[in-house]
Each structure stands twice: as C-alpha cells, then as structure tokens.
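Next come the structures, one after another.
Note that subunit A is present in both complexes that follow, paired respectively with subunit B and with subunit C.
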Partner chain A sequence: MQGWASCATAAVGFVVCLVAWQRGGGTVSLPWVPSLDLRLSFAFDGLAALYSLLATGVGVLVFAYGTRYLRQHLVEDDRPLAERRRFWPWMALFAAAMVGLATATDLVLVFVFFDLTAVCSYFLIGFDRERRAARTAALTALLVTIVPAVALLAGAVLLYSTYGTFSIPELVATVEPGTTTTVAGLLIAVAALAKSAQVPLHFWLPRAMEAPTPVSAYLHSAAMVAAGVLVLGRVHPLLARSEVVLTVLLVVGLTSVAVGGVLALGRDELKQVLAYSTISQYGYVVTLYGMVGAAAAGAAAFYVVVHAVAKSALFLSAGAVTTATGEDRLSRLGGLGRRMPVLAAATGVAAATLAALPLTGGFFSDELFFAAAKEHGPVLTVASVLAAALTFAYIGRYWIRLFLGPLATAPAALSPVLLVPVVVLALVAVAAGVVPSPITTLAEGAGAVSHAAPVTLSPAYHLDLRATNVMALAAWALGGLLLAAAGLRDRASRLVATAGDRLGPRRAYTASVIGLRRVSERLHDWETRDLRSSIAAVLVPAGALAAAAFAATPVARAFTVGPIAGADWLVLPLLVLVGVATLVAARTRERLGIVLALAAVGFGLAAVYALRAAPDVALVAVLVETMLTLVFLAALGRLPGTEPRREHGRRRGQRWRDPLIATVSGLGAFVVIWGYLSEPREAPSVAAEQIRLAPAAHGQDVVTVIVADFRGLDTLGEITVLLIAAIGVATLLGRGRLW
Partner chain B sequence: MTLAIAAAAAVLFGAGAYLLLQRSLVRVVTGIALISQCAIVTIIGSSLSQGRAPIDPQEGGPLSDPLPQALALTALVIGMATLALLLALVHRVVVTHGTAERDELRDVDRPGAGGDEAVRHEGDETE
Partner chain C sequence: MTGPDAPPGPTVIVRVVARLLLAPSVVVAVALIVKGYTAVGDGFAAGMVVGLAVALNAVALGARRAEAALPVLRHAPYAAVGGALLALASGFFPVALGEPVFSHRPGPDEKVVSVGKAELMTAVSFDVGIFLLVVGVVTVLVHQLAEPDQEPQA
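Moving on to the complex of A and B:
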C-alpha cells in the first residue's frame, strides 16, 4: 500500500515536472532568513527539468519494483511487513529532496537538500539494521558524503563574503577569476565528487550495496550519486573560471573511470560489479565537466540520462536474478538466458547501452563523449577510447557470465512486477537509440545551464568513417580483446584491488574513525571520572573562551576605577567584611563556622544593596539569608560533627592545586567582571521607559512593577522553579515520598 | 566603586571555585552559594545609573536603575531554592550512605563497573 502510494506520488511528480518542462519552467524566490540574506530560490530550468524527470521517472519504476521486492525481502528474512514503514517514507523523501536539489538555485539551499539526501540514504542503506555490515555501510556512506558536504557550505560562505550573495545565477553573473574563486570552486567540487563516489572518496559506494536492491537501483543510478554531478552542472559556470578546478575535475574523472572500470572487471558479486561501474561511469561525466565547452556540457547531461536509465535497469535485473536464484555471485550463476529470456534480453539492452552499441541511447552518449574529447587534444582522445573499451569489456563479461554458458543455479519463477520495470527501462534505452530527440532537447536545456550559453547537440547515425565512428570501432575492438584475454584481465584487476586495499583511502577512513572514537572515549572517561573533572570540563573551556575574548578585544581604557561618593564610603568596609567572611567560609572546617561565615556574607551583601539604593533587594536578601541560615543549621544539625581535617588520599604535589585553580579562576572572574562593569552604555533606555510606565501599571515601586508586571512571565517561571524545588526537598526529606 | 565591586565579586567567585573542588559535599554546596552571591553582586553592580531608590519616581531626581534590581530579586529567590534542594540532596545522601565525602561515595555508586564496558563495545559500529 505504502509502496504503491509512493509510486503514485512519484508518477504525479513526473507528470508535473513534464508539464512544467513543456511550459518552459519558471522561478520562485521567497525570503527565508532575511538577516542572513538567505532566500528560498527555486528555478525549473533545463538542468532542473533533466534531474527532476530522471528522479521521478526512474522513481516510478523503482518504486513499483520495490513494492514486490521489499515484501519478498522481508518474508525471506522472517521480518514483519510493518517494517516497510521504515522504508517508503525515506524513499519518498529522497525523491522529494532530489527534486528540491535539482531546482534549488541558492547555494545554502543546495547544501540543505544535499545533506537531506545523505540523511535519507543513511536510513535506506541501513534498512537491514540487524546486520552489522549494513549499519557500517550506512555510516560510511553518511560520513564520506556529509563531511565533504561541509566544504560545499564553506565554499558558499567564501563566495558570499566576497560577492555578497548565495544566489547561483547572481554569482555566475559577477564572479571574477581569482584565488577566491579557485578555492571556493575546489571546495564545492570536493563535496560534489565525494557524493558522486569519485576516487579517492569512492569506497563508500561498493559498501553501500548492502542496501536492498531498489535502494541501490535508485540511489546509485538516478539519485544520490547523480546529486554530485548535478551540483557540478549547476555551478559549472563558476568552476569554469578556474583552470585549477577544471584540471582537478579531469584528473579525478579519468582516474575514476580507470579505477572503477578495472575493479569492475574482476568483481564477483553482481551489485559490486555495478557499483564499480557506476564509479567509472560518473567518472565520464566528471571528465566531461572538466573539459569546457558547449559540446562537453551537453554531452555530460546526455550521458547522465542514458546512464541512469541503463544502470537502474541493470540493478533491478541483478535484484531479480538474486530473488529468483538466491545467488548473488557471478561464479555461481550462468546460463540464465534460456530460462529467463525476457530478463536476458532486457538486461542485454541495458548492457549494450553501457557498452555504447548502436540502436541504444548509449551509442549517442558515447558519440557526444568522443566528439567532446576529440576537441581537447590527442591525450583525451586516447583516454576516452580506452575508457569506452574498459566499459565494453566489464559489462560484456557481466552479461555473458550471467546469461550464457551452462546453467549453474536454476531460477524460480519471477513475479512480473520485478520484470516489467526492467523491460520498460530497456525500451526507453532503445527508444533513445532510435529517436534521440527528446533526450537531446532535455540535454540541450541542461547543458545550457551548465555552460551558461546555448548548447546544440546533433546525435545521429552516420555511415562513414568520421572520427567519432572510428573511435567507437576502436573502443569495441579493444574491449573485445580485453573480453577475450580473461587471464590477463583478471590478474590486472586483482592487482589493482589488492593495491587499493593496501594503500587505499578506505584504510585511512577506518583509521580516522577509530582514532576519533578513541579520543572521544578518552575525553568522555576523563570528563565523567568524578565531579571535579566534570566541573573542570565546564570551567576550563569557559575560562579559555573568556581569555580568547580578552586577547581579541582592545584593553586600552576598557577598565575604570569608578567614582566613590556619599554612601559608597560605607559600602567599601562592608565589601571588605564580605571578602573576609568569604575567605573564612572557604578555610574553616567547622560546620557551624561555615554557616556563620555564609550568613555574614549574605547579610553584609544585603547591607551593600540597601546602601546602593536597592531596598527591595536588600529586604529580600535579608529574608532569604535568614531562611538559608536556618535551613543550613537544620541540615547540618543532622550531619555528623566537623568536616574531615585533611583531604586524604592526596599526593604531595597536589596540595597546592586547589588554591592555585581557585586563585586563577578568581583572577579571571575579576578581569571579566571588572571589564564588564567598566563599560556602561550611556542611557539606560529600557529602565527609563519602565520608570515612565510604572504609574500606568498602577505601581509606585518600579522594581515591583517590573517583577509583577513587565516581566511577569519570568516571575511565573521563577515561582514554578520554587514549587519544583519545594517538591524536591519535601520528597528527599520524606525518603522518596511526597506525603 | 566599580573596582571594589569587581574585587568583591572576584573573591566570592574564587572562594566558590575552591570550595567546588573539595571532596566534602557540604563544602561543594557552600561553594555554589558563594558563586550565586557573586552573580548577584555583579548584577547589582551593573546598575547603569545611581540615585534614589526607584520608589515613587514622580518625586523627581535621578533614580537608580531598577532593572538590575528586579533581576537580582529573581536570582536571589532562585538561588535560595537551588540551595535548599542541594542541601536536601546532601542530607539524603548522608542518611542513605552515611557519608558526604565524594571519594567514599564513588565506591558506593559503582557496583558493577565491568557491565558498563561490555554495553559500550556491543554497540560498536565503526569498523
């Protein structure tokens, strides 16, 4: 029920996006936090249309598939079907966040949606929460994508501090090339690359395959991973103003293509092959963003659509195979083509799309890719052919091992709900290969946003030996060779995998997480060891902050001694008396002495208040002190004799520790309080207003009026505190019972 | 006068901090009492104007700032409530455990320190 509801919501979203796209989009901008210049700015432009249609369109199919898959998944694990409640809301929220991210044109808003997708993915990847591997994978995905996302925010703030706006269109119009732009661009790129699982932050994606298949199919084809390249496409006009950023994108993209492709060649688990393939395929897109130009921007957009369709079909088919056979490894599967011809054909189409064979959308996406690469010199031309050859080889190996050869595990009958979405996606891929114009239009719109200028794409079949066709033929030939040379291929892939495990970033990630946990545990143990360290944990940082504040503010004329006039001459000796009584209270070990010293402090201060023209405070202070003295006497009367003479269990060096800490904190308090009291504002504006209004509140005593009227709500809170304290005291004295 | 009030407040705070660090709970409570006195003195000292008591303002002449006085009243009453509660707690501790020394109490509260450790390692998610 929930699944079909989510599916229907996605379908409605798809139709709405389609209509909005046909109508030419539009923009909305509402004030959000005016004091910080934040606006809720959304634009339904070409880029937004592409990613929204992708997220909702693939969403419909994946959700439909998920209704059946999830039921079976839960039944197999003996879990109650009610657990679906932990699944569908996150899926739906994810789709919504993706649409929000696609349409947001304010950098802070982009950051918010970016993190929202990460939070959803955490709960979805960790859906099988009983399994430790799923929990760890969810945590890894969250940390690796959310920590670099902070860089996106930092980049946004950096741009704001220079150009005074978070709005991406305004920034595109004003940003100049320079160090700030380079640094901000790099920060934003780091966040986007981590999200798109690019080397070296790619390791979260293969682990995230612990998730149920619909999650993998959705998050890791059309949504989560696409969010990274979406952000790149959105801010690309800014990134294009820095050569450094473009070079980084090129290098990272090509490395990811190579690493992902080579590792995909050797994986055994179905979803692992697809995960590494995703890393490699988004490497293509990042590479395209690294090449500047209309052709590259349009090709990147085209590539994203075709890849999302093909990859979600492949994920869904992998899930269908595992559901039917119970196996998830290539080595235990094979020969399924004869038993599941429809699935084999649909998967074959999706695989052919990745391999860029003619009559699939993949052919055009590679044609555009080759055309863009050719413009950027011989190095990129060769690299692009090698990349396509690698893709051809690993996806060919995947399909052949799965569907050809002798039958390894007999499949059970497959529910049509699991089959139809794969077929639909395969049909879309073929349609794109026959009539590319809808996707071309979509990609042109998106490319225009990324390139900040109109983009025209003209994918078509040409039966001649033009460069792109030669490059495609070369890629297929090389890929075929790689497919045939199984021994060499497997050895190379294993070598890279071992090297990655030894030196890879995943090891650094694990070490840093474990290290952080250790530090945190040690701090926690120290802080909660006893009351003394808990107090220190509050006082020391407070003191450090105050010291930092003093270091940062000018001290000249910040301290005044203040005039002494009239009754102040009486206040001075009283303050001296209070000081002496305080020291006595601190030194004495006689309990009665403590009470008397405290009383002396309290009554001395009451006299000070009386002389400082505060009769109300003085009266209340006398009352309170009287009561406190009595309470103290009553309490101490029930306690045994004197305080222990010496603090035992001390080492000799620690004897001076407490007085030293006390002196330092006293001096600190002195500096802070003196500085604070020395800087009065000129006019007591609030007080003047309250004095003026006091008669209107039917009172002569301004203090009473403030307590009872102007700040009456505070007083109500205070009475509540008194009541709670009274109940507490009564309960404690009544041995746990109030009455 | 500013200097004198600041000095008195600082003595109160320093002595309060010293007492907070002691092992006897009675002295800890005394320390809290002294620190809240420090806060009240500071609030009263932060009065922006000096003059007559702010009673019957229509008589004219400069008045003392009424706002800190109102705040000090609140602080006084809440301070009393807190202290009464703390004293009742100390009393209860002494009745139950027969001591108000933190060192001795620490051994009382932790019957099974080992169990805690086991729980923490079970929830280990990092790798």
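Moving on to the complex of A and C:
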C-alpha cells in the first residue's frame, strides 16, 4: 500500500514537473536566514527539469517494481511486512530530495539537499540491518559522500566571503577567474565527484550493492550518484573559469571510465558488474564536463538521461533474474534467454543502449560524446573510442553470459510487476533511439544552464563515413575483439582488481576508520579511567585555552595591582582563609576533614560576595554550600572507614601529574580573573538599563526583578529543567513514580 | 562523623536540632518570599531554605522516619508540579491578552496593593511558583535517593 502510494506520489510529481517544463519553468525565492544572506531559492530551469523528470519518472517505475520486490524480499528473509515502514518513507524522501537538489539555486540549499540524499541512502542501503555487510556498506556510503560534502560547504563559504552571495546565478554573473575561484571550484568538485563515485572515492558504490535492488536501481540512475553530476552541471559555469578544475575533471573522469570499465569486465556478481559500470558511465559525464563547450555540456545532459534509463532497466532486470533463480552470479547463471525471452529482449535493449548500438538512445549519446571529444584533440578522441570499446565489451559479456549458452539454473515464474518496468524502460530507450527530439530538447535546456549560453544538439543517423561514425565503428570492433579474447580480458581485469585491493583507496579508508576509532577509544579510556582524569580533561584545556587567549591578545595595562581600601581589608583575610582551607583540603587524608575544609572555602567565598555588594549571590551561595555539606556528610556516613584507600601501583610520573594539572588550570583561571579585574569595564548597558528600570517594575532588589520579570522566560526554562531532573531520577530509581 | 565503634545513625543532638530547625526555616523562607521583591532573597533561596530543613531531617532521622513524622511531605510531587504550573501561568497569562510573555500585572505605572511588605502582583506569584517547585523537587530527590536501603537502623 505504502509502495503504491509512493509510486502515485512520484507519478503526480512527474506530471507536475512535465507541466512546469512545458510552461517554461519559473523561480521562487523566499528569505530563509536573512542574517546570513540565506534564501530558499528554487529555479525550475532546464537542468532542474531534466533531473526532476528523471527522479520522478524513473521513480514511478522503480517504486512500482519495489512494491512486489520488497514483499518477496521480506517474506524470503522471514521478516514482518511491517518493516516496509522503514523503506518507503525514505524512498519518497529520496525522490523529493533529488527534486529539491535539482531545483535549488543557492549553494547552501544545494548542500542541504546534497546531504539529505546521503542520509536517505544510508537508511536504504542499510535496510537489511541484521546483516553486517549491509551496515558497513551503509556507513561507508555515508562517510565517503558526507565528509567530502563538507568541502562543498567550504567552497560555498569561500565564494561568499569574496563575492557576498550564495546564489549560484549571481555568482555565475560576478565570479572572476583567480585562486579563490580555483580553490572553491576544486572543493565543490571534490564533493560532487565523491557523490558520483569517481576514482579514487568510488569504492563505496560497489559495496552499496548490499541494498535491496530497487534502491540500487534508483541510486545508480536517478538519485544519489546522479546528484554529483547534477551539482557539477549546476555550478559548471564557475568551474569553467579555472583550467585546473577542468583538468582535474578530465583526468578523474577518464580514470574512472578506465578503472570502472576494466573492473566491470571481470566481476562475477550481477550487481557488481553494474556497479562498476556506473562508475565508468559517470566517468563519461565527468569527462564531458571537463571539456568546455556547448557540445560537451549538452552531451553530458543527454548522456545522463540515456544512462539513467538503461541502468535502471539493467538493475531491475538483475533483480528479476535473482528473484526468479535465487542466484546472483554470472558463473551460476546462463541460458536464460529461452526461458525468459521478454526479459532477455528488454535487457538486451538496455545493454545495447550502454553499448551505443543504433536504434537506441545510446547511439546518440555516444555520437554526441565522440563529437565533443573530437573537438578536443587526438588524445581525447582515442580515449573516447577506447572507453566506448570497454563499455561494449563488459556489457556484451554480461548479457551473453546471462542469457545465452546452456541453461545453468532454471528460473521460476516471474511476476509481471517485476517485468513490466524493465520493458517500459527498454521501450523508452528504443524510442530515444528512433525519435530523439524530446530528450534533445531536455538536454539542450540543461546544457544551456551548465554552459551559461544556448546549446544546440542535433543527434541524427548519417549513413556516411563521418568522424563520429568511424569512431563508433572502431569502438564496436575493438569491443568485439575484447569480448572474444576472454582469457586475456579476464586476466587483465583480475590483475587490476588485485592491485586495487592491495593499494586501493578502500584500504586507506578502512585504515583511517580503524585508526580514528582507536584514537577515540584511547582518549575515552584515558578520560574516563578515574575521577582525576575526567576533571583534568575539563580543567587542563580550559586553563590552557584561557592562557593562550591572553597570550594572543596583549592589552596595555592588562595586569595591574589596584589600591586596597575600605571593605578590601575584610576581603583580604577572607581570601587568605579560603587559600588555607584549600591547602588543607588538598593535604588532609581524612574524609571529614576534606568536607569541612571545602565547606570553609565555600562559606569564605560567600562572605566575599556579601562584602562585594552581591547579597543575593551570597545568600544563594550560603544555602547551596550548606546543602552540599549536608549531602557530603550524609554520604560519608554510609562509607566504610574514615580515610580514602591509598591507590596502589601508582606510577612514578603520576605523582607530579595532579599538582601539574592543578597548577595549569589554576594559573589559567587566575590570569583570566586578574586580567578582567585590572580593567573593569563600565557596567554593560543592559545591566545599567535593568538597574534603572527595576523600580518601575515595583521592585527594589534588581536581582529578583531580573529573575522574575526581565529574564522571566529564562527562569521558567531553568526551573523546568529542575522538574525534569526530578522526573528523571524518579524514572531511574523509582520506576517512574515521583513518590 | 560515625567512627567504626560509634552506634549507627547520627547523635541525638543532630536529631533534636533537625527537628527544632524545621519551623524556623519555614518562617525564614516565608520572610524571604514576602520581602523578596523589595529586598534580598527570592523564591529560589526560600525554596532552598525549606529544602535544607527537609534534607537535614532526612539525614538525622532517616528518610522514612522523617516522612512518617512529617506526613505533609507526601504532597511534595504536587508542590513541584503545581509550582511549575503556577510559574507557567504567571508568566504566560499575558499571551491570552495579546501581550508579550512576562508582562506582569500591575504594569509599570499602576498602583500595587501591598500587604505589609508583600506586594500583590504576578511577579510575586511567579516567585511563589519557583519556591513550591524547588521545595517539591528537593523533597522528591531526598525521597528517591534514600530509597535503595530502607532504614538501616530501623
């Protein structure tokens, strides 16, 4: 029920987006945090239209598929169907976050939606939470995408500090090339590349295959991974002002194409092949963003659409195969084509789309890719042909191993709900290959945003030997060779996989997570080892920080000794008494002595307050001190013996530890107070105002008037805390009964 | 306080003093509240004074016996919650009249009716709320924390 509701919501969203796109979009901008110049700015432009149509359109099909898939998944695992409640809300939020991200035109807003998709993906990838692999995969995905996302925020703040706005259109209009732009561009690019699973931050994506299939399909095609390239497309006019950023995009994109493609060639698990394929395919898009120009910007948008359609179809088909056969490895599957002809044909169309065969949208996306690469010199031309050949080979291997050859595992009958979405997506892919104009229009709009200038695309079939056709033929030929040379291909792929496991970034990630946890545990153990450590953990940083603050801000006459007059002659002996009592408390061995000495310290200070014209503080200090002493005495009555036990086995260095800690923190506090008293400010204006107004509020005691009137709301909050504390104690000790 | 050889429990002096202190402490608390708005002291201090007396009784007699001797302590939870509600009402009633919270009545330029030193105004009732809450919470805490070992010397 929830599934179909999500599906219907996505369908409504799709229609709304479609209408908005046809109407030409529009912008909304509401104040959000005016003091920080933050606005809720949304624009439904070409880029927003493309990605929101993808998120909602693919969402409809994936959600429909998911209604059936999830039920079966839960039944197979003997889990209650009620667990669907942990699935569909996140799925729906995922779609909403993607639409929000697509339409947001404020960098901070982009950041918020960017992280929202990561949070959704965390709960969805970890949906099978009783499996350890799913939990670690979810955590990896969250960390690898959210930590770099902070770089996006840093880049946004950097731009704000220079240009005074978070609004992307305004930044596009004002930003000049320079170091700031380069650094900010790199920071934003890092966040986007991690999200799009580009080398070297790609390793979270194959692990995320632990998610249920609808999640994988959605995550890979229209959400999450697409969010990275969406941000690249959104801020591309800024990135294009720095050669460095563009070069980084090119290098990272091509490396990802190669690494993802080679690894996909050798994988055995269905979803792993597709995961590495996604890394490779988004490498294409990143490469296109690395090339500047109208052709590249339009081609990138076109590529995203076609890939989303094909990849979601492939994932849904993989899930259907696994559901029908119970197997998820190519080595145990084969020959399914005769038993499942419709699925084989639909999957074939999706595979052909990735392989860029004619009559599919893939042909045009590669045509545009080749055309853009050709403009950027021979290196990119060759690289693009090799990339396409790699794609042809791995997706060809995938389809052939799955559907041709002898039957390995007999499939059970397949529910039409699992089949229809794959067929629909395949039909869309074919339609794009026959009538590309809707996607072309969509991509031109999106490209115009990324390029900050109008973009024209004209994908079409040409029956001649123009460069793009020759490049496509070369790619197919090379890919076919690679497909035929199975031994060489597998060995190369295994070699790369082993090298990646040995030296790859995943190892560094694991090591850093384990290292951080170890440091944290060490610190925690040290801090909570005994009471002294806990106190030292507070006092030492406080003292050191205060001292550092004073050292950093030298003020003339900061530390002076004032005159002694009047009541000071009474204060001085009191302070001496406090000092002596403190020493006694530190030296004495008997518990009762310590308590009484501490009480003397407290009462002495209360007397000082009284003499310094703060009778209210003195009154409360006396009362609190009395209560504390009483509590101490009550507690002491229940302790065995009269002296604390000597601590055994203290190491030699520790003898000096406590005095050292005491000295550091004490000096810190002393310096702060001395510095403050040397230069007593005028009473701050708020206090003066309150003193002046107290009689008007019918009170002579300013403190009481402040507590009960001027700052009454604060007081109310504080006494509420008291009541809550009492309820907490009652819950812990009295099973929730106050009496 | 109690050595290994001494009999368990506080001395008779402590017990007697605890008993005797109760009435004066309540008087002091009332005085603190009554003159609170014009002189030193407020609801919190008054609540602490009574709370101290209750705590001293619990230490001297044991919590259960102190509660048996002063049955009125049973109502501590009501005092705590009632105090909170009174304070809440005193602070928020202006909202119903369309004014900001803590717009006390009588207002700045209006005349205040005084009974002796006590002014009759909502700021003072807010203070009384604080007093009730502090007394109630301290008594509840004493009751709860004394629970684990029931009357060691009973």
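Going forward, the second predicted complex is superposed on the first by the 571 of 739 C-alpha atoms of A that agree within 3 Å, B and C clash if a C-alpha of one lies under 4 Å from a C-alpha of the other, contacts with A are read in each partner's own complex, and residues count from 1 in each chain.
Simple rule for what comes next: a residue touches a chain if its C-beta (ideal position, glycine included) is under 8 Å from a C-beta of that chain, and two chains touch if they have at least 3 such contacts.
It should be emphasised that the depicted structure is a prediction, and the values quoted were computed from it without experimental measurement.
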*In the superposed arrangement, which partner chain does A:Thr409 touch: subunit B (first), subunit C (second), both, or neither?*
neither
Considering only the touch criterion stated at the top, classify A:Ala697 as touching first (subunit B), second (subunit C), both, or neither. second
Partner touching more residues of subunit A, subunit B vs subunit C, is chain B
Which partner does A:Leu713 reach: the first (subunit B), the second (subunit C), both, or neither?
second
* Asked: So, A:Thr182: does it touch subunit B (first), subunit C (second), both, or neither?
  -> neither
Which holds for A:Val578: it touches subunit B only (first), subunit C only (second), both, or neither?
first
(Q) Applying the document's definition of touch, where does A:Thr441 land relative to subunit B and subunit C: first, second, both, or neither? (A) neither
Field: First, second, both or neither for A:Asp616, with subunit B first and subunit C second
entry: both
(message) By the touch definition at the top of the document, which applies to A:Gln2: first (subunit B), second (subunit C), both, or neither?
(response) neither
(message) I'd like to know which partner A:Val631 touches here: subunit B for first, subunit C for second, both or neither.
(response) both
Check: subunit A residues flagged as touching subunit B and also subunit C 615-616, 620, 624, 627, 631, 636, 700-701, 703, 707, 715, 722, 725-726, 729, 733
Within the complex, subunit A is touched by subunit B residues 1-15, 17-24, 26-28, 30, 33-34, 37-38, 40-42, 44-58, 63-67, 69-70, 72-74, 76-85, 87-92, 94-95, 100-103, 106, 120, 125-127
The subunit C residues in contact with subunit A across the complex are 1-4, 10, 36-45, 48-49, 51-52, 55-56, 58-59, 74, 76-77, 80-81, 83-84, 87-88, 91, 101-102, 104, 106, 108-109, 112, 119, 121, 123-124, 126-127, 129-130, 133-134, 136-137, 140-141, 143-145, 147-148
Counting only contacts in the complex, subunit A reaches subunit C at residues 592, 615-616, 619-620, 623-624, 626-627, 630-631, 633-634, 636-637, 641-642, 696-701, 703-705, 707-709, 712-713, 715-716, 719-720, 722-723, 725-726, 729-730, 733-734, 738-739
Residue positions on subunit A within touch of subunit B in the complex are 132, 135-136, 139, 510, 513-514, 517, 521, 530-532, 535, 539, 560-564, 568, 571-572, 575, 578-579, 582-583, 585-586, 591, 594, 598, 601-602, 605, 608-609, 612-617, 620-621, 624, 627-628, 631-632, 635-636, 638-640, 643-644, 647-649, 658-659, 661-663, 665-667, 669-670, 673-674, 676-678, 680-681, 683-684, 686-687, 690-691, 694-695, 700-703, 706-707, 711, 714-715, 718, 721-722, 725-726, 728-729, 732-733, 735
